[in-house]
Amino acid sequence: MTADAAAAARELPRPTTGTPRWLARISVGRLLTHATLLLLVVLWTFPTAGLLISSLRDKDQLAVSGWWTALSTSLTQGVSRIGTAADQLEDGGRFVIRGNVFGTDTNKQLDSFGLTNATPAAAVAGQSLPMAAGGDITVQRDGSFEWVSATAFTHTRGPRVFYVASIAPRFTLDNYVEVLTASNVGRSFINSFTVTIPATIIPILMAAFAAYALAWMRFPYRGTIVALVVGLLVVPLQMSLIPLLSLYNNIAQAFGATDGKAYLGIWLAHTAFGLPLAIYLLRNYMAGIPREIMESARIDGASHFKIFTSMILPLSFPALASFAIFQFLWVWNDLLVAMVFLGAQDSKLVLTGKLVSLLGSRGNNWEILTAGAFVTIVVPLIVFFSLQRYFVRGMMAGSVK
Amino acid sequence: MHKYLLAGVSAFAIALTSSAYAQELMFPKGEGAFSWDSLQAFADAHKDLSGQKLTVWGPWREGGDQEMFESVIAYFEDATGVDVEYGSSENYEQQAQIDAAAGSPANITILPQPGLLADMASKGYLVPLGDATKQFVLDNHAAGESFVSLGTYKDAQGAPQFYAVPYKSDLKSLVWYSPDNFADAGYEVPQTFEDLQALTEKMVADGNTPWCIGLGSGGATGWPATDWVEDIMLRLHAPEDYDAWVSNELKFNDPKVVEALELFGWFAKDDKKVAGGVAAVGTTDFRESPLGLFTVPPQCFMHHQASFIPTFFGEGVELGTDADFFYFPAFAGKDLGKPVLGAGTLATITKDSPTARAFIDFLGTPISNEIWMAQSGFLSTLKSANVETYSNATLKGEGQILLDATTFRFDGSDLMPGAVGAGSMWTGMVDFVGGKSAQEVADAIQASWDAIK
Amino acid sequence: MGDVFGQVLSAGFAIAVALAAAGAYFWGTNWLLDKVLASTPRMTSGEMSRRDGLRSSIRPWLFLFPSLLFLAVYLVYPVLETFRLSLFDKTGRGFIGFSNYLWAFGDGNFQQSVLNNILWLLIVPALSTAFGLVIAVLADRLWWGSIAKSLVFMPMAISFVGASVIWRFVYDYRGEALEQIGVLNALVTWFGLPPQAWITIPLWNSIFLMVILIWIQTGFAMVILSAALRGIPEETLEAARIDGANGFQIFFTIMIPQIFGTIVVVWTTITITVLKVFDIIFTMTNGQWDTEVLANLMFKWMFVNFDYGRGSAIAVILMLAVTPIMIWNIRRANAEEGTR
């Protein structure tokens, strides 16, 4: 492509003085350019960065403080119910109840504690407070407490101890573990791949041929068909759902199956939904291939079919790859079509559906939300970043004339 | 490249995939207060179903309810040898309708909205259950007549048929609170509605926030407010008014309904009475809202919500000690008794099969109720279910209220047609809390009801 | 576990079958065509050219047939079916003519949706294209440009569900006394102002939702415009620089006119996407607080109220609204044909 050559040739003029080249390149204009772009990129990335940071935080912290505070120690107030009379031990003539207000949590450090909601900071760690049920309680920095009384305890309802604690910032992969081991997440990963890969490959096969015909063959109504394809880009998906599902069910029942929800159905559906864009992109790209290449092949006696398979297809690889990326992203991230055509039984749910069900049932578990969202993002990002060099070349297909 | 990715992820995922097959039985047979003979009797009556399949679609999703329902299904599978597949999703009502319309429904569909089921019946998507099942419900469920009429809808030709059996019920006229917080602050559980209002004002005067109210629920945002309004309707006006309201004989913008809306607004539209202020009411998720009862210091002291909510209180909150409920009181000044608002899920057959019929029968056995009763969040109206199986005293108390109910009414918005009860009433409540007047909102909802007639 | 292997195997099998079938079909039909309608040396030259002509007029249809079949079944048939349903009542059995359309134009929700859609159409494509253009121009000139472009494109790889979670963390609202975990409210409270429930404020909430779509679509615009920019001959730019033009002048007087065609195509493509978008509104507000748009309204009438008549009517109106833009797009596509 000539544009590539032009880009490669673009370079700033060399300075003729003795100043280092990088210094000479610095100018207010360039700095401004860098700064503006940096600002825009930061604006675009920080929401996703926020999500990533949140997903790595401890779940108690993430629901109560913003992700930008992730690196600082936060203060929290909590309450713990301590033992009843049944938990007491006799120790050297005194009656003792021991335990830890933090339970098994090791991330916290007690600053102060108290016995009522209004006074969680009545005493600092290490001090004692008198208890209404008799005796004194002492709570240490690590949360362990000792409640001592000279007479036996008789209470049946554990009293509450309130505390103010500092939580050191804690980053963990626990949230991811929780999401990934949630039932059937692994299966939904596989389901997503099962849906996406055939649905990416099959449309390419059909669209490539159609695109070639529309680009280089002459026949009546060619313009009409191109118009039809472009027009179909506009059809909203939701409209097709019920007529198509009914059709599938009718066909399935004709073959004796219980219903039409199978992978074949969803592959064909995604293929069809992706065809307009595929044909549009590929046609534009193929139309840009220099006609001389084909002319010379024609003169050599090659048929359309041969030209197509041996020359056009390889040359169109960037466009094919970039459509494949678009289609992969679109199918992977799709929720509606998968829900309707595949169903939501556990064994057939795709990953996005799984995430939505996790969101729905644990809407207040932000740690599931964040980690889950990132889990769905990770595969498309890998696909995108590994194949993105085709993108630029392929996307030139779209519209450069 | 894709292929390598697929292979790698497959290997990784296979290591992680948990098996959803052949679930263990949660409670060993023969132990506990369960009615094991009912299970045996059921198994004996349904011997010839081994190896067949059954699909069930219901409202219970991950995070607690789904696992508990699956533990019940395990007993059905054990007794009959049927392979059951259960599914649900965030928009399960829509999915059920889409599947029914397209001809691929599950065998059994369980929904909590009789209004939606009536819609489905009128389109011919439900299979009539027959007189034997109808008689069974009449005889064996508390308030059996109410449930029979709840499960009866007009079919595609306009003739009423019996389609749905009740399974899990919820009690709605409850207010949740922390007994310790009440004791610490010197508050007492109110016995009358007047006392409740006085207590609310006292809490505000003390500098505390009385109520946690959260209406957020994704596409269903607004539904908790409908519970409030229905409970208040039952306390302000006679049950006959309630019934007329649900069938639209009493118009939605009738002064009686507007009065109920405004009384709800007395609680929810005052920044000092609601945790987070009025702006938080419409945006806080209903599952996050009760957590305000247990924070230090507490964000609120009372939360009006149905009996299923303890599932969302979080670990570390013990029912009975850390959290308890009291009955949402009635007015002492009106002579309307102690009305109770409830709701429940109804099981229907959307694709007939011998396994589906057997499953409906199973839901009528005491054991199918008891397995879930022994866990959490399930209330049974089946008279033969042993109340001793309730896992704690709180549930038992709720269950008893349900069984003893005299004035018992079903959730109104679930009875209204889908476009109103699952549509304009929900959005109307959000608008109301967002600032619109009660009259405006009532007029809009009535207009939407007129539009679908 | 066998179930999983079976599934993976069937996927692999499907791909293999599809490749084989495509190969067989295309190669097979072409071969058949050439065989059956071969031009043998025994024919006269007139016959031969007729045969040749016959073959080359049939062949395009062979290439096109599978695609046309799929398009007809999966897209054309539902469109026609939708149009048909829009003329019937909610049960699908009673013909009521254009009543649904009359209802739509008189319905408050519909009118609100139309207003919102117009707002979306005015703001989102323009801003996405503008930002995309600016970033493309800036990134092309700097050494870290491709990293920048990848980062800006990244939101396009994120599903709408993921995006809604991400932006929940931006727009979240807690009560005034509580600590804010949403970035916007944190910023606002840092300046001493009270936090707001952003997605409930009428008009502004639509704009906040639009920000999400702009965030996603800018990457798309940027990639295409970046490619187009590279097509501008270097000599033109050099000449302008030598003449003393500064960056801005070059941008407005040379770059934009040169790639104007691409800008238009990008703008129209994003416009079509904007009209179809419903996931963002569905997951963030579900149309509450005056954010309703036509695509979401259609979804509600179809799948919540189960009135296919009205839902279909809204769908048809939506498609008709896009038609002018679509025609323009087609005209440009056909104009490009003329160059060959």
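A few comments on the model shown:
Order of writing sets the chain letters: A, B and C. Residues in each chain are counted from 1.
Here is the rule we use: a residue touches a chain if its C-beta (ideal position, glycine included) is under 8 Å from a C-beta of that chain, and two chains touch if they have at least 3 such contacts.
Keep in mind the model is a prediction, meaning the values are calculated, not measured.
Relative to the centroid of every protein C-alpha atom shown, the closest chain centre, again from C-alpha atoms, is found for A.
With centres defined by CA atoms alone, the chain at the far end from subunit B is C. Of the two interfaces, B-C and A-B, the higher number of touching C-beta pairs belongs to A-B.
Centre-to-centre spacing of subunit A and subunit C amounts to 20 Å, using the average Cα coordinate of each chain.
Inter-chain centre distance (subunit B to subunit C, centres taken as mean C-alpha positions): 40 Å. In this assembly, the C-alpha centroid of subunit A lies 32 Å from the C-alpha centroid of subunit B. Shared interface positions of subunit A, i.e. residues touching 2 or more other chains, are given as 187, 190, 193, 197, 242, 347, 356, 359, 383. Within subunit C, contacts with two or more other chains are made by residues 4, 8, 303. In subunit B, 6, 10, 14, 17, 98, 101, 218 are the positions where the chain touches two or more neighbouring chains simultaneously.
By the touch criterion stated above, subunit A contacts subunit B in their complex at residues 77-79, 81, 103, 116-118, 120, 157-158, 160, 162, 180-187, 189-190, 193, 197, 200, 241-242, 245-246, 248-250, 253, 258-261, 339-340, 343-347, 353, 356-365, 379, 382-383, 386-387.
Taken together, the subunit A residues at the contact with subunit C in this complex read 3-4, 6-7, 9-10, 29, 33-34, 36-37, 40-41, 44-48, 50-51, 54, 62-68, 187, 190-191, 193-194, 197-198, 201-202, 205-207, 209-210, 212-214, 217-219, 222-223, 225-240, 242-244, 247, 263-264, 267-269, 271-273, 275-276, 279-280, 284, 287, 291, 303-305, 329, 332-335, 347, 352, 355-356, 359, 369-370, 372-374, 376-377, 380-381, 383-385, 388, 391-393, 395-396, 398-401.
The touching residues of subunit C, when paired with subunit A in their complex, are 3-4, 7-8, 10-11, 14-15, 18-19, 22, 26-27, 30, 34, 56-57, 59-61, 63-64, 66-68, 70-71, 73-79, 81-82, 131, 134-135, 138-142, 145, 148, 150-162, 165-170, 179-183, 186, 215, 218, 223-224, 226-228, 230-231, 233-234, 246-247, 261-262, 265-266, 272, 275-276, 278-279, 295, 298-299, 302-303, 308, 312, 315, 318-319, 322-323, 326, 329-330, 333-334, 336-337, 339-340. Remark: subunit B residues 6, 10, 14, 17, 19, 91, 93-94, 97-98, 101, 119, 123, 218-219, 221-222, 275-277, 279-280, 282-283, 299, 418-419, 422-423, 427, 430, 434, 451-452 touch subunit C in the complex. Contacts from subunit B toward subunit A in the complex involve residues 1-2, 5-6, 9-10, 12-18, 20, 55, 61-66, 85-90, 92, 95, 98-99, 101-104, 180-181, 184-185, 216, 218, 285, 287-288, 291, 294-298, 312, 316, 318, 321-322.
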